[in-house]
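Next come the structures, one after another.
Both complexes below contain chain A, partnered by chain B and then by chain C.
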Partner chain A sequence: MSELKHVSSSPHIRSKITTSNIMLLVIFALMPATLFGVWNFGISALMNIVVCVGVSVGAEFIYEKLMHKKVTVNDYSAALTGLLLALNLPPNATWWMSAIGSLFAIIVVKQLFGGLGQNFMNPALAARCFLLIAFTGRMTDFTYDGVSTATPLALLKNGESVNILDMVIGKTAGTIGETSAVLLLAGAAVLIVLGVIDLRIPASYIISFVVFIVIFGGHGFDLNYIVAHLSGGGLMLGAFFMATDYVTSPITSKGQIVYGILLGILTGIFRLFGGSAEGVSYAIIFCNLLVPLIERVTMPKPFGPEEKEVQA
Partner chain B sequence: MGLGTFKGGIHPNDGKNLSKDKPIKEILPKGELVYPLSQHIGAPAVPIVEKGQRVLEGQKIAEAQGFVSAPIYATVSGTVKAIEPRRGVVGNKIMSIVVENDGLYETVQYPDHGPYEKLSKDEIRQIIQEAGIVGMGGAGFPTHVKLSPKEPEKIDFVIANCAECEPYLTSDYRRMLEEPEKLVEGLKIILRLFDNAKGILAVEDNKRDCIEILEKLTQNEERITVKALKTKYPQGAERQLIYASTGRKINSKMLPADAGCVVNNVDTIVAVYHAVVEGKPLMNRIVTVTGNAIKNPRNFIVRVGTNYAELIEEAGGFKKEPAKIVSGGPMMGFAIFELDLPVTKTSSALLCMTKDEVAQYEPTNCINCGKCVDVCPGRIVPSRVADYAEHHDTEKFQKANGMECCECGCCSFICPAKRPLTQSIKSMRKMVLASRKK
Partner chain C sequence: MNKCMERLFNGLVKENPTFVLMLGMCPTLAVTTSAMNGLGMGLTTTVVLIMSNLIISLLRKVIPDKVRIPAYIVIIASFVTLVELLLEGFIPTLYSALGIYIPLIVVNCIILGRAESYASKNSPVASAFDGIGMGLGFTVGLTSIGMVREILGVGQIFGIQILPSSYEGMTIFILAPGAFFVLAALTALQNKVRNSKGKPKAVGCSEGCGACQNTSCLGKEQTKEAK
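Up next, the complex of A and B:
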């Protein structure tokens, strides 16, 4: 008993939640939608997923080695970024597009700003938007069952009819991971139950979006139209897995609701009045930029009596 | 009536099963007893004995210095061996009186104050002050100061803090189970000081048995109610406790009395009972000796001044090599280098852990998850406040309400990146408080 014991400042216990097991849980929750994407779109989808995850993790590893920083690939955040990017790409995107996108996400958006926790934009979405601008043709070429076709949202925008059931299940054209609303919801439910994400952002996002399209969609309260909009495009993937990204969403609870509402409105504007049928990615990266501002005006009041009560 | 609660807080593994069914056992000290002159908030006590002098159990050996201070009593009979600096719980050396126990336990004649109903308010306060009673929950604030607010008639509630929300601690639980009458009588004595106050026994609802016992004991007491609180940490933190039991809110700049409340811990109230009814000064307290490294976790009634190593011995020693020893609970206690330390008026537990959970994890980048914001009972943004603290930005730290932190430790506990948030904020708070005093 002569040697001295460890000391440290209190508290002396820690919860079992760590950054890496949060990231792993999110990857796990995305698996149903990912596997469905591979089944739905075939081998090219699988190839894109492998390339994105591989290049993302590799890029992070090499960059950190070269910069003599601590290698952080074992926190799984790079793997998650790669997976999310892949799920946001059309199934027939070429491998070099996936690779460029992953490099852009990890090196430019994440590492150049200081690595995990420092990026001000969601890396996967920023890379997707980068690819959309750089390779517009390829990024908007959706092939389904060997036929080049329009996504359900594009059909909807042109006033054509869509099959709601197929859209909910996911048997439609779209990006690799966005089509199956029901499987994305199943994954999200797991994350909500485990407390990894909370409902503030997705709920305020979806509610404000529904309100927006009911008012401005020209269809009034048409349930078919609403469900088609909700399960079409990247809304479910965006609302539950991208908008809830910790790093690029507000830290305050009120701020998260404000952020969700802004996302709903912007997505509505982009989808109804924008040039493209889709709007989730742009809405999210635009709102990412507003996060510091949102946080500033939604800082919580510390526990204590209200101002009035103090004076009384 | 619904459970009292507050927003925020955490649910750590409470570890109370290790010792909750072990009755309180008295242990007698063997070797020398060490009495640090500063076991309370306020001015250190001044020794009134000399080296070589014989003292009796219950004899005052150090006198309070001023109002915010407390006297210290010998807890055994024996000889004053030295008055010298000895190591304290936080690692610094504190001037202490060392008494060699002669094993005879000869006591002084304790005064008989008569039935407390006949004592005046000032007499009761005087007895409590003279008995050296301080907040035994951990802070060590002299109790007589708490009980002497400027306007005693404006106190509406006297709250007995029976929450015991710290994991592993079972001393208050055992006290409520074994000697609930003393707690209720002690509370009645304190209520005599405040004519308009109601007494609240605030207990977390994981201690259903205590709630039942206390409800039965107080069913004919018009002025006392039992309030069940939701079990979560830090339910027993003063500000959270006041809110959960009365709905009133105070901030860091206010005293409980500003909201018409006085809060005292279980052991403190029992000490008041001992002082007023039995005429005995504060000489002992209950210490939970527990943790996975301890062979027989137990609750002991211990004389102040007893060496920690003797407590471990009484608990059967270690069954595994402890990685970390904490004086107090795991959330707010102090990790100690070595066991050669005395039990003081504020030592609530000795927790011996086989794993150093803090050293196990390496802090990584903040991922902005907001979990610290969700759990913070002070409703600040710990991750940001800790950033300001780490950058020594005093101005932003205070603007972001860093001073509202109660140092409960919830943010450090929950943080997935394992950042030492509480530690950073705590250090900065100390610096700010020190600079304000200048």
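Up next, the complex of A and C:
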């Protein structure tokens, strides 16, 4: 009896994948688009990113200290939330807007509901929508090369022509991280290859969105129009990096497809028939709220004989 | 007299209709875009509440039990119509600011709730004081929500600029979502203050949580007793 055995409850086999690993991978996958955003929009974009990440991490740390909870700053989830929020802000957003948004994301949306894993909607997007309603003027004022311009999506909505190549590369007005479709796709490809995100949600999202645009867009199957819609606005950023958030997306595989299709249809409705040109963030937070319902409907049945159909 | 003061305290603090009973949420969320609107709505409701409580209490032995709700509604609706016409005549700005929410005072659950649970069982004087207490509690709730929304939304209180004019209002606090944020924050704050003053005694736990007024307990006392 001299040798003490370490006895613990299951699980006994642990994966090397941890929350902080995944968060770090997502942050790295976002780096190309982030760096492009800084290069594209200049120093104000960098300042916004720094403020958002700093305030997010700081808010999480201080809140958890004050509430005597375990400090979870080391899992990088707050840093990722801050980064995603910054990528969703216009480059000339003021520092206090970024700070208010980060505080709202971390304190109200994430921590008040119980911290990581308990938040009912994507904190970064909820904060973006909060800012969008609170400071509508500033949030829709896109300056590019020192000139206040419309985003390509707004141009598209008004029936004006857009430069497709610029949109795909990202040399257009827009929020800090959404402009470069190519670099976002490159980052997303890494995540998909590494198995961090699953293709189900983004694929069903994009396919259903394209179908919606073809049917209701009024341009038929016009490849230019479709590509412009796909690479314009926050669709790529939203579909690959925010709709796939583990906490706020369904866990059942059928549910993920239903969720993606709903996102595509809602984004299409908001973009084509809504008051503003963009609708990805509203579509995602709206579908976040439907996730419990979707999971309930698409819950897989356990394998094996069932004694009797139980009324759920 | 002691009973009357107890009624006032009960309405203002112990059973504050906005922050404790969570009654009358429709006007609470809709008209509190500014402190003035909140105050106006609160006082209008207070007047209706006092008068309807008084009359219902006077008539409590006359009204047959089976038709009491229609009878209450008739009394309440008469007073609301009265107040509405008076407002339209004398304070037209407030009348237009409150709009549809003045006639909707008829269906405010505080008024029918007090008629049903208090005025129909108690003496006229106590009922009138209950109306004053509840009405003032409602007014305090609405005005404080309106003040917070106004100061965050446009930087003013009662139309007077408080914050420096460089402050950019957060429009969201004037719109409906802001009402929910402010209501939740203020309710949390008063719960915090209430709990720090020493836990309220569990009252009537034997009757179950349905009849219990102690909303901060949330069934904890009952499970404690069961153990």
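The rule is short, and it goes like this: the second predicted complex is superposed on the first by the 299 of 312 C-alpha atoms of A that agree within 3 Å, B and C clash if a C-alpha of one lies under 4 Å from a C-alpha of the other, contacts with A are read in each partner's own complex, and residues count from 1 in each chain.
Keep this in mind: contacts are C-beta pairs under 8 Å (C-beta built on N, C-alpha and C of every residue); 3 or more make two chains touch, one makes a residue touch a chain.
Keep in mind that what you see is a predicted model, and the values were worked out from it rather than measured.
After alignment on the shared chain A, the placement of chain B and chain C results in a side-by-side fit free of clashes.
A count of residues in chain A touched by chain B and by chain C gives the higher number to B. In the superposed model, A:Q118 makes contact with chain B only, not with chain C.
Of the two partner chains, chain B is the only one that A:F303 touches; chain C does not reach it.
In the superposition on chain A, A:T18 contacts chain B only, with no contact to chain C. Look at A:S8: by the touch rule set out above, it reaches chain B but stays clear of chain C.
Once chain A of one complex is fitted onto chain A of the other, the partner contacts of A:F135 are limited to chain C, with no touch recorded for chain B.
When the shared chain is aligned, no partner comes close enough to touch A:L223: not chain B, not chain C. Chain B and chain C never share a C-alpha pair closer than 16 Å once the two structures are laid over each other.
Overlap of the chain B and chain C contact sets on chain A: empty, with no shared residue. Within the complex formed with chain A, the chain B residues making contact are 6, 10, 12-13, 91, 167, 239, 243, 248-252, 254, 259, 309, 322-326, 328, 330-339, 351, 353, 356-361, 364-371, 373-374, 377-381, 383-384, 400-401, 404, 407, 409, 412-418, 420, 422-423, 426.
Chain C meets chain A in the complex at residues 168, 170-173, 175, 177, 181.
For chain A in complex with chain C, the residues that touch the partner chain are 100, 108, 130, 133-136, 138. Those residues of chain A lying in contact with chain B across their complex are 1, 4-15, 17-19, 21-22, 72, 75, 77, 115-118, 246-253, 256, 299-305, 309.
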